[in-house]
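Take a look at the structures below.
Shared chain: subunit A. Partners: subunit B in the first complex, subunit C in the second.
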Partner chain A sequence: MTSDRGRKPLTGWAFLAPYAIAVGLLIALPALLNVGYAFTDHTGLTRDPQFVGLSNVRRMFNDGFLLDSVRASAIHLALAVPLRLLAAVGLGLLLAAPRPGGRWFRAAVYLPTVVPDVALAVLFLWVLNPLYGPLNQLLGLFGHSGFTWLSDPDTARLGVALMLMFPIGEGFLVVLAARRMLDGRLYEAAALEGCGPFGQLRRITLPLLAPVLLLLAVRDTILTLQVNFVPAYILTDGRPANATLYLPVYIFDQAFEFSGFAYGALITTVLMVVTAIVITALLLVVRRWRVLR
Partner chain B sequence: MRSEGAVALRFVGRFVVPALFAALFTAPLWFMVVGSLRPVGEPPPRTLELLPPDPTVAAYTRLPELIPLFRYLANSALVVAIAVPVTVLVASLTGFGLRLLSPAARRRAVLGLLAVLLVPVTAVWATRFELFRLAGVVDTYVPLLAPALLAGSPLLVLLYAWAFGGVPESQLGAARLEGAGWLTIWRRVALPQVRPATLAVAVLAFTLHWSNLIDPLLYLHSGDRYTYPLGLQFLRLLNPTDWPLLMAGCVVATAPCVVVFLLAQRILLNDDPLAALRSGGRR
Partner chain C sequence: MGERGTIRIESLTRTYGRVVALDGVDLEVRAGELMTLVGPSGSGKSTMLRLIAGLDRPERGRILVDGQDVSRVPPHRRSVAMVFQDYALYPHLTVLGNLLFGLRVRRVRRDEAERRARSAAERLGLADLLDRYPDQVSGGQRQRVALARALLREPAVYLLDEPLASLDAPLRFATRADLLALHRDLGSTTVHVTHDQAEAMTLGDRVAVLDRGRIRQLGPPQQVYDEPADTFVAGFLGSPPMNLVPGGGLLGGSPGLILGVRPEDLILDADGPIEVSVDAVEALGSESILLTRATDGTRLTVRAAARCGVRPGDTARLRPDPARLHHFDDETGRRR
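Up next is the complex of A and B:
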């Protein structure tokens, strides 16, 4: 009698199996291996790593570059995630309503997302060129003398964040679909009550979309920690003065350029812990909002 | 009087502001194309140029002379030809699996997925490389398929989950009563109803795999196996300041993605994307 009810969920899990196996082999296993390698002297070139206890940890505490790297990543997160979220959510809500040609406005916003990130980065090398780049020339039209962008630590960070404002298509798409799922009758009722567009946004749209927005914030935090590798690698390679030596760039250098595989594994473990802390903090903040409401 | 002002304001909100944002987001691509049409080797202009005065395709003819352009493109095409079907397969199986779960089980599955996704991909580079090295597949295309086995991006799984959400329970039950296995139902009943979703997922998978720079950078060492994004990076190292040439390289990298994206925008960016993902079958 339970066979029919019992078998169905089981089948669902069976369909999830290929994905789950891939996640286990390609994400979970390497993530766990990191913790093991972090306490060895493995260089990535030899075959038999030796256990060296806490020597990598000691090295980490005296590593000025790592400190720069953590600072660069933290500043980048604080700069890029809110900007990207604001752009994705703002444009998603602005363009969700049907209108003639609406799809083409949305296509224009999505377009930079399909540009390969290496092409976008090379393009931004050009856009941010102090002499010939279109951005400084655009500023010149307003009488501004422009910036040296990638050669100055502050503007270099801003330049990378600016570039990452463009590929926001995934979040944009999710907001479009989520906005579509909201009940139109709620808005009619609100309009009857004399609630204007901004009131509707604050009282209906944002509260109802809160779970989706939270999910996007979490996803974007993780994505920002990893997608800034290609732009930083192409645009600045960590320079100037380590301003864009984001953690992925530093890990890449250690693991693949400097034969510091074990040390890279340790920093990676730290990165995972930092990510977990950021996400937990985010969840706690949101929980507090809920309590206040 | 007042209503005229309101109409104007509404027009600005509905068309002018969106058009400004659309212009902002297409501007980088515009500069890419315009930059690629300038003469090779000449210093670029010091003022803003929205249209090139004498457009020339010299940069494009120069590309294959400097790098093995067609070999790189063929390599990329090969990788994409394998990776896209694998991505679509994994994403559709996973999406259908989520559809079959009870709501409570689905919530658990999604939570588990989220927990795993907390691990940034950068965090597993080094050790994943070690695993592939031990398996002896470094400098082959096998590691480049890793993202495909992970369905490319969670968004692709989500698209399929949304699309399969529209397959009525009664159809699944009827097919079961006729003795069909779940794999048959997935293939014969569910997939044909979500053809637009399959197209959309395939297009997004194409752009993801075509763009992949990190995996080729880590795993491919022989120059004749480079995929195009790696070739573009190589070109940049060769000619760091030849902007028309670099922009032409970028246009070549971008054009296939833009073309396939235009195929799918009708579905993905529809006024009602959820319905558009499912409406297929008999169109």
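Up next is the complex of A and C:
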């Protein structure tokens, strides 16, 4: 009897074990080692890294490039997360209702997510080309002379954010599914009260989707701070004027190009802490707004 | 201009693809009347309600409320309030929030809106629940929230779509009485849709029996029960349904007729003319339903007293009440 009862929780652990071991070995342990390496002189090739105390930290506080990098990441976060959320939520709500040809539109929205990052980035090199890129030609139709997209700090930031507005398939799908789960009668009840489409969006759809939107915002914040590496590397390589020298790019440069593995590890740890702070702030704001019950 | 709360429906037609939901229906609901629409699922009763509410548009025909054609008027300008079957309460709002929803949309001043919401809640016994969310109150309370929300519209016409269907049996019985009392109290016109014939019998001033998009019969419930206009109504209203037997058979009559007799009008009588064998006995406590088979194979359902002493396998004799035999045409099914 007692052995039976004792075995039950073990079964659960047994099922969990493969995943737990992988997470431990491939994520938790390297993350911990990373924190340790941050206080050594490890170059990435050193056989016997030595503990150097806070010297990396001191270097960090005097690093002008790091400041540029943090600023680039912060601006990118403020630009890309709202734009991506707006695109995913807007398209998700727009295409949730059954309409003729809807499935083609939905497939079209998801398609860029399937395209590999590198391919999309190369495509955007062309889209943003100041001479023959379609974006400038489009602006030309409205009498605008166009931008030198990737050579100017401001437009380069915008260019990367523009590219990241396309791979939004997962968020789009989540919004689509969540919207379709809402009871249609709520909207009929609202229509009887004289509540129009925008009123329904504000009073029913958005409040009911709030948990989903929060989830997407948190996920996108984490993602945006980290997955901007490929576009930045291919489109701008961190330039111009360090405008797109996002933290992952800077970490890569330090750790693997400049043989500053320990310093890279320290900045990675900082990125983790910054991400945690941003998400905590987000959750606090949400609690303040009382959008969740 | 009619009195406040009259509804006139003229040759109303609505199809969904190939399905004809309503087929040229005419109906007039008097001011202050409680009209019940009853019928099997797919008979068009809910479609009718949605058309009156303005949630759907008719293909042909007109709807007049208080003498005014509202067929092309949006729902919120129609002076109708609707209570949905599953109540359609906003899950993210408290009971108070649900009551305030419409008032806020209509830009009623905040303190005035709150005063009215609280008084409607008071009226329906919801005063202690205002801070709860819909998933924190019982089914009966949710229904009352939906009613209170309808009340706050102060409409000329109330539309109730199976308001009791989601309640369990004892609660349904009590709520039926509450609903009737509320209707009498408000004195406003109410159209009530149900597929439950007990509700149709007890709740309506008049009942309209619908089948496949047409009204088969319209009248006071007892009259419809006593004099069903055709075999469909005879079979639909009443539980268990009326026994229908071809003319010239057990119940007499001439060929070309269908004769009907309600289970309670077949009396167990040792000298009765019909001999049957009893297949099954459903003892319901207050009465028994006997499922019997006559010597010629005709099945007859009989309503008998609770402890009538008849058992499955017994033979019994039945006497139909001659005053309560119904005659229908066997081609059209219409009453003759």
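One rule holds for everything that comes next: the second predicted complex is superposed on the first by the 272 of 293 C-alpha atoms of A that agree within 3 Å, B and C clash if a C-alpha of one lies under 4 Å from a C-alpha of the other, contacts with A are read in each partner's own complex, and residues count from 1 in each chain.
In this section, a contact is a pair of C-beta atoms (placed from the backbone, for glycine too) under 8 Å apart; a residue touches a chain by one contact, two chains touch by 3 or more.
All figures in this text were calculated on a predicted structure; none of them were measured in a lab.
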| item | value |
| --- | --- |
| Side-by-side fit of subunit B and subunit C on subunit A, or clash | fit |
| Contacts of A:93 with subunit B and subunit C, given as first, second, both or neither | neither |
| First, second, both or neither for A:31, with subunit B first and subunit C second | first |
| First (subunit B), second (subunit C), both or neither touched by A:181 | first |
| Partner chain in contact with A:16 - subunit B first, subunit C second, else both or neither | first |
| Which of subunit B and subunit C A:204 touches, first, second, both or neither | second |
| Subunit B versus subunit C as contact partner of A:229, first or second or both or neither | first |
| Most subunit A residues touched (candidates subunit B, subunit C) | B |
| Minimum C-alpha spacing, chains overlaid - subunit B and subunit C, in Å | 8 |
| Subunit A residues contacted in one complex by subunit B, in the other by subunit C | none |
| Residues of subunit A touching subunit B in the complex | 8-9, 11-19, 22-23, 25-31, 33-34, 37, 44, 91, 94-95, 97-99, 101-120, 122-127, 129, 131-132, 134, 137-138, 140-141, 166, 170, 173-174, 176-177, 180-181, 215, 218-219, 222, 225-226, 229-230, 234, 247-248, 251-252, 255-256, 261, 264-265, 268, 271-272, 275-276, 279 |
| Interfacial residue positions of subunit A with respect to subunit C in the complex | 183, 185-186, 188-195, 199, 203-204, 207-208, 210, 293 |
| Touching residues (chain side subunit C, partner subunit A) in the complex | 53-55, 74-77, 80-82, 84, 86, 88, 90-92, 101-102, 105-106, 133, 149, 153 |
| List of subunit B residues in touch with subunit A within their complex | 14-15, 17-19, 21-23, 25-29, 31-32, 35, 43-48, 89-90, 93-94, 96-102, 105, 109, 113-114, 116-131, 146, 149-151, 153-155, 157-158, 162, 182, 186, 207, 210-211, 213-214, 218, 229, 232-233, 236, 243, 246-247, 249-250, 253-254, 257-258, 261-262, 265-266, 268-274 |
